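You will see two complexes here that share chain A, one where it goes with chain B and one where it goes with chain C.
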Partner chain A sequence: MAAQALASSAHSEGGYATAFPFFGAERRGAPVLAFTRIDEKRVYRKTQVYEPDYVVVLDESLLDTVNVVEGLKEGGMVLVNSSKQPAEVDVGIDVKMATVDATSVALEVLKQPATNSSILGALSKATGLVSIESIEKGILQVFGDRLGPKIGEKNAKAARVAYDRTLVGESHGKRELKSAEKWLPDVKELPIGVAGVPMSTSAGAVGPGSFVENKTGTWKVFRPEYDTEKCTMCNFCWFYCPEGCIYRKEDHMDFDMDYCKGCGICANECPADAIRMVR
Partner chain B sequence: MKLKDLPDEELFTRGHTACAGCGAAIAVRNLMKVLGPNTMVVNPACCLLIFGATYPYLAWKVPFHHVAFENTAACATGMSRAMKVLGKDETLIMGIAGDGGTADIGIQALSGAAERNENMLYVMYDNEAYMNTGIQRSGSTPFGAWTTTTPVGKVKAGKSNFKKDMPLIMMAHNVPYVATASVGHIQDFIRKFEKAKSMKGFRYIQVFTPCPTGWRHDTAKTVEIAKLAVDTGMWTLYESENGKVTISKKPKMTPVAEYLKPQGRFRHMSEEDVKSLQDWVMKKWEADEKYAQCRQ
Partner chain C sequence: MVSKICTGNYSAAYGSMRSRVRTVAAYPITPQTFIVEHISEFVNNGEMDCEYIEVESEHSAMSACVSASASGVRTFTATSSQGLALMHEILPIASGMRLPVVMAVVNRAIASPINIWVEHNDIMPERDSGWMQVFCDNNQEVLDMVLQAYRIAEDRRVSLPMTVCLDAFILSHTVEPVDLIEQADADRFVPRYKPTGPILDPDDVNAVGVFTPPDYVMECRWQTDKAMRSAVEVIGEVNAAFAKQFGRDHGGLIDPYMVDDADAVLITMGTASSTAHEVVDDMRAEGKKVGLVKLRFWRPYPMTEMRAIAEKVKAVGVFDRAVSFGVGGPSFIEFKSAVFGIDLPVLNFIGGLGGRDVSLADIRYMYDKLLDAAKTGEVRRDVTWVGTRGVSQ
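So, the complex of A and B:
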């Protein structure tokens, strides 16, 4: 929706724009991509964007697993949802960098961690590509149409607040990131029929039980804080956890933050109030 | 089995890609703990297929077979008979599908397998819409609920039909075991799956699994809403064992509005609509109670 609102904003300033999302089979909360193309002339290209001018990262934790600057043009800019200063964000190269704590803005204005409207305000400030007034108009149109005018207005406000809080600077990154390998077996490696067995490959484990290598902990906004003193070892959280990332130990529970998606069921159901959700 | 006696090993591993707060994931993780490793799973298109198995990655640690939308029970029949021929009929064959794959698309294969009393356990996890494809109404969607195919507009607001009573349809097949369960009632959940595991012939369990994404509620409230559904009478917990029907938990008859309030999919409902739903709940409970009395 943010990509659409941006396209709509650019269009309202007299330009041409296209926008579309790309996502796999993951559920809500998993990383997704969205593309926007803006031009003064008609846009005929329909492919995904492989060499962007600007990269917008809505979740800072992705920087650890994805090479976000792959294909970024010379002189391009990266905007990251982060509470850090631009110079503190490392994407592996020297680059123009802008940061905004969009999650805090969204929690303040919208009361939920939906950062897509806030980040548009920041994009306007950081790039000057589209004015903040047009962004507000675009959000009112796209968000308002789908979620009702009241929610549209709130999101436009979130964009304005984020606009005022955006920091622009430069970053000199050093980290090295390799793109993940895909599993491409040849005929001899493939098991007979359609049955699969647990196998370890150059791209990691495949087959039964292999999802365990998929660390879903990056999805969360809130994490459980656990008080051993208050815990009565009733095991309710252990049963209710959709991820199975709470482990039973002798006299306490162990919360595995590598997998926790931060849903908050454990805190909500704990009869002893031993779990609290914090950021 | 008590909650504390459930094994630690996850036969449906972490790292799966369900939305945060997924009710179906709670159900599947725990029912696999009860059923144990000597189980084979048959699973058609549904959320569970996507978040538990994205080729070549699998969350299941037991033999898992993906089938077409409409033939879960037919494929489970084949596997069950094949295992019998191999002399391995102590292996439990479990068909597990969503409400769309059970109440709508899969019902003819399911009805056939039930009528033939095939040796299998069929589990329907009921999230009350086609969530996998983006929240379209199913036969199991309740009255008044918003979905993308029952939108809220000036002429109509939400679904205008009432929920299909799948457990009753399954009981009408005179199968050895039919039960309803909920992710909010731990002991009842464990006991029913244990009982199903210990029996032979066709067994059917329908688990109530809230969906924060499709029902538009806070991810932390999944279990709370499952409990409210039982308290208000929206979801009756009962079981039928060889024709004898027992109510597992009598509802408190909390006003149904309490159940509707935390869910965005019911936000638009008028007082009149809420009253219609309340009347339906009263009638449903009355009927369920009478049915249990008749089938002693």
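So, the complex of A and C:
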């Protein structure tokens, strides 16, 4: 939605803009990619974006696992959702850097960690690509159409607050970042019919059981805080956890933080108030 | 007219609303789902005066559309991939009964492997279903072609159903600026629907889709064949009328670009055309004589137009986002048949299957191969799988 709102903002200023998600299996909170192209004239290419001018990172923890500046054009800029100063964020190269604590802005204004509207305000401040007024208009249109005018207005406000809090500077790359290796077999190596055979490859395990290597716990903003004293061992949390990452032990429950995404369902269902979500 | 950022799915749904469709029966499937959702919103909000029929499958969706159309009202549906395959049985019933049903097809790969991304293999089995098929390369075209589809399909010389095809995600989920046609302008372009043949009417009882013995079927098939041939002329007329009223000329059966003085041309369907357009501009700036033929109508196929192009240029490439296993791309096979007897190199490029990105570099690679072939002039019929790991290029 952020990519669409940005396109709408640019279009309202008389430009041509397109936006699209990276087409994959998506779910709320999971790492996703979205792209926007802005130009003065019609854009014909219908390809994915390989060499961006700007990279916007909504989840700082991705910096540890993804080389976010891959393909970034010379003189390009990175905007990261972070409470740090621009100079303190290391993406592996010397680069123009902007930061904003979009999560805090979203929690203050929207009461939930949906950072996509806040980050657009920051993008306007950091790049000057589109004015903050146009961003507000774009958010009102796209978020408003989809989620109702009230939510549209709140998100526009979040963008404005983030705009005012955005810091722009430069950062020096110290750490070495490599893009995660992907298993790309050729026609001889690919199992016939793409059968899911458990295999160990240069890029790690593939096939059944391989997903345990994907530690999805980094997605969370909130984590459950568990009070053994209050717990009655009713097992409701174990039953309702959509990720299957709560385990029953002899006299307490065990939470696997490697896979917990912080959805808060366990805390919501707990009749004994033994689970509290904390940031 | 309002220019707004919207997806291809929205454009399709909006087009059906502005065409004053009276019955929609559809079943959601990724990546078509938003078309159904937008239409149900239009109906719910009172913006669209339409009977929205919830059905339990695509087979039922098309059956309901056939019945509704046979009762004399304008109908619309939309599907993708497996959904289209499930509809397969009913598609020739719509065309055989000469019902101008219009359907948006968001082209997606057919399983297996299960995949939700763009591929044209879902619609290729429907080539001989008697449906007209147009492929779009931008969201404006999607909207405009839904309107045009009703004028073409309902023309008395045609009276056949039609699909408006858009690439999964690359159009369906991508926003672009679209001029949203207003109702008064749409009404001027798409006249009120008057059924061509007898309709189901309790006050004037007719039978439609009746059991037909061998004594009559040949004549019936010939009529359908003639209707498909007549569509060639009607498509041109409707495109001209649309261009006159709205100032947008999408081309008729084909939309050629920089073809007249070209050494090498590439034939593309769907969004690869739009990307190729940019590559042609780049290569022309470098002094390379390349051109593009955007193949818009897959049925009726532009036989005459393709022969004329083959006679003009030195080499032709056909890009297929589908494959007829063991032979080559369906569009390549069709082109070879259209230009039979004309000696020139014709190269087939298969790519973009299952949503693999068709990049600027991929298309440039095809043009480079074509310019080489144009230079030697050697008559060849090569099939190349572009960017496929472990396959020689």
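Here is the rule we use: the second predicted complex is superposed on the first by the 231 of 279 C-alpha atoms of A that agree within 3 Å, B and C clash if a C-alpha of one lies under 4 Å from a C-alpha of the other, contacts with A are read in each partner's own complex, and residues count from 1 in each chain.
We adopt the following convention: a contact is a pair of C-beta atoms (placed from the backbone, for glycine too) under 8 Å apart; a residue touches a chain by one contact, two chains touch by 3 or more.
Source: prediction; values computed, not measured.
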Message: Per the contact definition in the header, classify A:Gly75: touching chain B only (first), chain C only (second), both, or neither.
response: neither
- prompt: Taking the superposition as given, does A:Val187 touch the first partner, chain B, the second, chain C, both, or neither?
  reply: second
- prompt: Given the touch rule stated above, what does A:Gln4 touch, chain B (first), chain C (second), both, or neither?
  reply: second
Task: Go through the superposed model and pick first if A:Pro271 touches only chain B, second if only chain C, both, or neither.
output: neither
- prompt: Who does A:Tyr44 touch here: chain B (first), chain C (second), both, or neither?
  reply: second
Message: Going by the contact rule set out at the top, does A:Gly14 touch chain B (first), chain C (second), both, or neither?
response: neither
- request: State whether chain B or chain C is in contact with more residues of chain A in the superposed arrangement.
  value: B
Chain A residues within the chain B interface of the complex: 24-30, 183, 195-196, 205-216, 219-220, 235-236, 239-245, 247-248, 256, 259, 261-265, 267-269, 277
Contact footprint of chain C on chain A as seen in their complex: 4, 7-8, 11, 16-21, 23, 44-48, 50, 141-142, 184-189, 193-194
Field: chain C residues within the chain A interface of the complex
entry: 3-5, 112-113, 116-117, 137, 167-170, 173-177, 271-272, 274-275, 277-278, 281, 355, 357-360, 388-391
Residue ranges of chain B in contact with chain A within the complex: 3-4, 6, 8, 10, 12-23, 25-26, 29-30, 47, 50-52, 54, 56-64, 183, 186, 212-213, 218-224
